[in-house]
Amino acid sequence: MRVALFITCVNDTLYPETGRAVVRLLTRLGVDVDHPLGQTCCGQAHYNTGYRHEAEPLARHFADVFGAYDAIVTPSGSCAAMVRELYPRMGERARAEGRGDTLARTLAPVVPKTYELTEFLVDVLGVTDVGAHYPHTVTYHPTCHGLRALGLGDRPRRLLEAVGGLELAELPGAEECCGFGGTFAVKNADVSAAMGTDKVMNAASTGASVLCAADNSCLMHLSGTMSRLSVGMRPVHIAEILASTREEPSA
Amino acid sequence: MSSRDLILGRVRHALADLADDPAPYAQAVERSYLREHGERTVGQTVALLADNLADYRAVVHRCTGPEVAGTVARLLSARGARTVLVPAGLPPDWSADVTAVRVPDSLSSTAYDLDRADSVITGCAVAVAETGTIVLDGGPGQGRRRITLVPDHHICVVRVPAQVVSSVPQALERLDPARPLTWISGPSATSDIELDRVEGVHGPRTLEVLLVDEQPTPSDHS
Amino acid sequence: MSGTFVGMPAFPEAARGAVHNATLRANLRHATTTIRRKRAVAVAELSDWAELREAGKQIKDHTLRHLDRYLEQLEDAVTAAGGTVHWAADADEANRIVTGLVKATGETEVVKVKSMATQEIGLNEALEAAGIRAYETDLAELIVQLGDDRPSHILVPAIHRNRGEIRDIFRAEMTRWGRPAPDDLTDTPAELAEAARLHLREKFLRTKVGISGANFMVAETGTLVVVESEGNGRMCLTLPETLISVVGIEKTVPTWRDLEVFLQTLPRSSTAERMNPYTSMWTGTTDGDGPRAFHLVLLDNGRTDTLADAVGRQALRCIRCSACLNVCPVYERAGGHAYGSVYPGPIGAILSPQLRGTDSDIDASLPYASTLCGACYEVCPVAIDIPEVLVHLRERVAQGGQVTRAGTKVVLKPARGHAAERAAMRATRWALTHPGAVRAGQRLAARTRRFHPSRLPGPGKAWTATRDLPAVPPESFGDWWKRTNGGTRDERGGSR
């Protein structure tokens, strides 16, 4: 199986550690993962801000770069949801606008084979115990696109529960959005900050030392809020926890 | 152009992008939802009705046919009712023991007259177990809609099991849309203060439902 | 109600005050978390919720698809049952019709059942201008009317008020409108409800004209349905001699049987009850029972324009349950007033800019008043994909395009204030289809990382006012992959 890592533009630029963790984890599980260097961005920010036409070339570019792989794995619930849920919608809209089937046909191949990381682990590889060790108390925030668009359900949880040494603390109000929302974070900064503060205070109330999520965009917002509020917690992407072993512990 | 034609024209214009849909309505909607929820015996359905009525603060009583008159009279005197509205067609034996002054449901009564009545006794058209609802349709023994609204105390007699259905879909099948219908689930209530439910606003603040067993053997009601 | 929404500032500005108002935040959090929990319990009782939701969606979609036919059928059925049907293309026309009908009765006061449609058209203000006094009789509407306030929730327009505030309003204002509140009124909900009962009863008993909306209109039978709790609806629908119902055309359902779906999904979604205390159904007029005259005013007011939009028309499926408000984290913090419309919350953010157009600051900003978290779509009993419509309306605001206004197709220009964003989106689109350009930018950022400020000026300030920026790492993931051949030549970890 030819597996490609779609690292996402945010992780590529700001969170390379997450990408290295995905590579380490998948390699450990016997997956030969490739990272096509032509990849850039799925177009989610453009699409969701109202620039669907600007997002189309990015989607076509994504399909060009990843079309030949058997599976595309990404450590981001929202980027996976963009491809799986919104690429077909972009194709439909183009068709409704009288632009024919070209876009829909171009994007169709990558849609069913794009997986969010925890989905790939549980559904495709069929593992929940990835042999990880992470001796910390962790609370898990299920991000909105993972929870509601992809329907990840308890997959991330099952993976975390199988991690050696990890104690999982229940996050109050877990299913509520953290307030990031892409450009919402700056367009509606006051509401976004209020939501972020509530999420961080809920996380802090668990006594966990680590706030874990499967999306670094949300964690960027929460991390920035945590450090401003001087909350003694660290945000950590789930890939870094799952990559951590006794021999090679993640921070 | 009349506004009627203008609006209908706009509707047709708005739908111009859609392909023809000649399918008859019966095939247009997938009705894979349930006709009722769960399987119950008749007795269990009546018990569920009683539970759900009580859950929304209706006061539920159960008795047999011959006990109705005594029960109604007892409820009225416990309430201290001096006047009671009695609609046309109410079985005479239901109010046979009533000592309060009977007021007929008359077209000439004003709302102020009704406001002076302490209580009202009616039957109903159907009762819905899953939701704890009684439905009045203005038929015999039910009166005009306003008589079960203005007085503060409503006694409603339900014949069980004949008038009890399990679910909302079953209730609608039994009802005639041409009649004025009032669905009642407990006494009036409001959630308008902090989205917290409080019983008792404009409609009767006390709703007593009398479930009258009309089956000779109540063995099914275990 | 004298408070209006004209000249509202854009959503972010309007929300700012609410976010920092501790009392309001506490009131909203308390109310919405209570109802959210209860709704989940009420919905979980029905094992076929998903099927009911799908059927509700299909019934509404089918009705909208054939709305012309069903409206005509409805008109015939209502007329045959003794009612009179009027058609109003916009708010002004609806207000003129209703005012004329009330004047024809010779009355100068009306009692009103809570109705979103009459709020939307500003009927109370129109009646007042014609010398007719309208009494709101729903408890929350009464609180809003007495407090000279604006509604902030679809189901509970006074959700922003707590019990103490309500007591103060009753004590201070009831006397202006009729029977005063008892001197010793406390803030217990039961006492407040009792005060409202006494205050309104005299109005119910004497008023000859009732005005309502409706939750559903059955085309097949001409039956109207009002779902309520307090009994104020029953009072207004049955005691007056004349009843005037103002109803949006999208409230139509084809058949009697269709009610079996909505009477299960609406109460559980809105008040989290198995069934609301009172549901009234009437078909025209009935001899000797209830109003002798019944007028139905069918209202368009932007609905057919909304219907013309292939993506946006699903908003017309809405049954006004307010589950989406109760679950929305943005609504909980911004409050209903920030939405600048009688339709607040997620559904308001897609309804108002469609019914009113996107010309005003508030309407152009509403599609952005969401994180697209999807909680609204998840709870919607008619499966309106609110995030999809929000994004669609963002496109309309940012990029312009063809829309229908008052029945005519027009081409909108992009809204003001989005020029810089548009340029940025174009530029990043160019860069992101040219991977080399991205790499160059990342390397530049990495080389200059120790000079990055922790607080940004301009638009970036919106981020850094409350949040630290992430540190830019010395090397992007792509550069690491290239340098180490995917980690197989990692200088630290050695060959893997």
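Note that the chains take the letters A, B and C in the order they are written out, and that residue 1 is the start of every chain.
Quick note on the criterion: a residue touches a chain if its C-beta (ideal position, glycine included) is under 8 Å from a C-beta of that chain, and two chains touch if they have at least 3 such contacts.
Nothing here was measured: the structure is a model prediction, and the numbers come from that model.
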Q. Which two chains are joined by the greatest number of C-beta pairs in contact?
A. B-C
Q: Give the identifier of the chain nearest to the protein's overall CA centre, each chain being represented by its own CA mean.
A: C
Q. What chain lies farthest away from chain B once each centre is taken as the mean of the Cα atoms?
A. A
Q. Once you find the CA centre of chain B and the CA centre of chain C, what distance in Å lies between them?
A. 30
Q.
Need the CA-centroid distance for the pair chain A / chain B, whole Å please.
A. 52
Q) Multi-chain contacts in chain B: which residues touch at least two other chains? A) none
Q: Two or more other chains in contact with one residue: find those residues in chain C.
A: 310
Q: Using the touch rule from the top, collect the residues of chain A that touch chain C in their complex.
A: 7, 9, 11-20, 23-24, 27, 33-35, 37-41, 43, 45-55, 57-58, 61, 89, 93, 96, 144-145, 147-149, 175-177, 179-197, 220-221, 223-225, 227-228, 248
**Q.** Residues on chain C engaged by chain B in the complex (per definition of touch)
**A.** 27, 30-32, 34-35, 45-48, 51-52, 54-55, 58-59, 62, 65-68, 71-72, 75, 81, 87-89, 93, 137-140, 143, 155-156, 158-159, 162-163, 166, 189-190, 192-194, 196-197, 200-201, 204-206, 218, 221, 223, 229-232, 234-235, 237-239, 249, 254-261, 263-264, 271, 273-283, 286, 288-290, 298, 300, 304-305, 307-308, 310, 313, 326, 404, 407
Q: Quick one: which bits of chain C touch chain A in the complex? Just the residue numbers, please.
A: 11-12, 15-16, 19-20, 25, 310-311, 329-330, 333-334, 367-375, 377-378, 388, 391, 393-399, 421-422, 425-426, 428-429, 431-433, 435, 438, 442, 445, 459-460, 462-463, 465-470, 472-473, 475-478, 480-482, 486-487, 493, 496
Q: Write out the stretch or stretches of chain B touching chain C in their complex.
A: 2-4, 6-15, 17-18, 21, 25, 28-34, 37, 52, 55-56, 107, 110-112, 115, 128, 130-133, 138, 144-146, 149-150, 168-169, 172, 177-198, 200-204
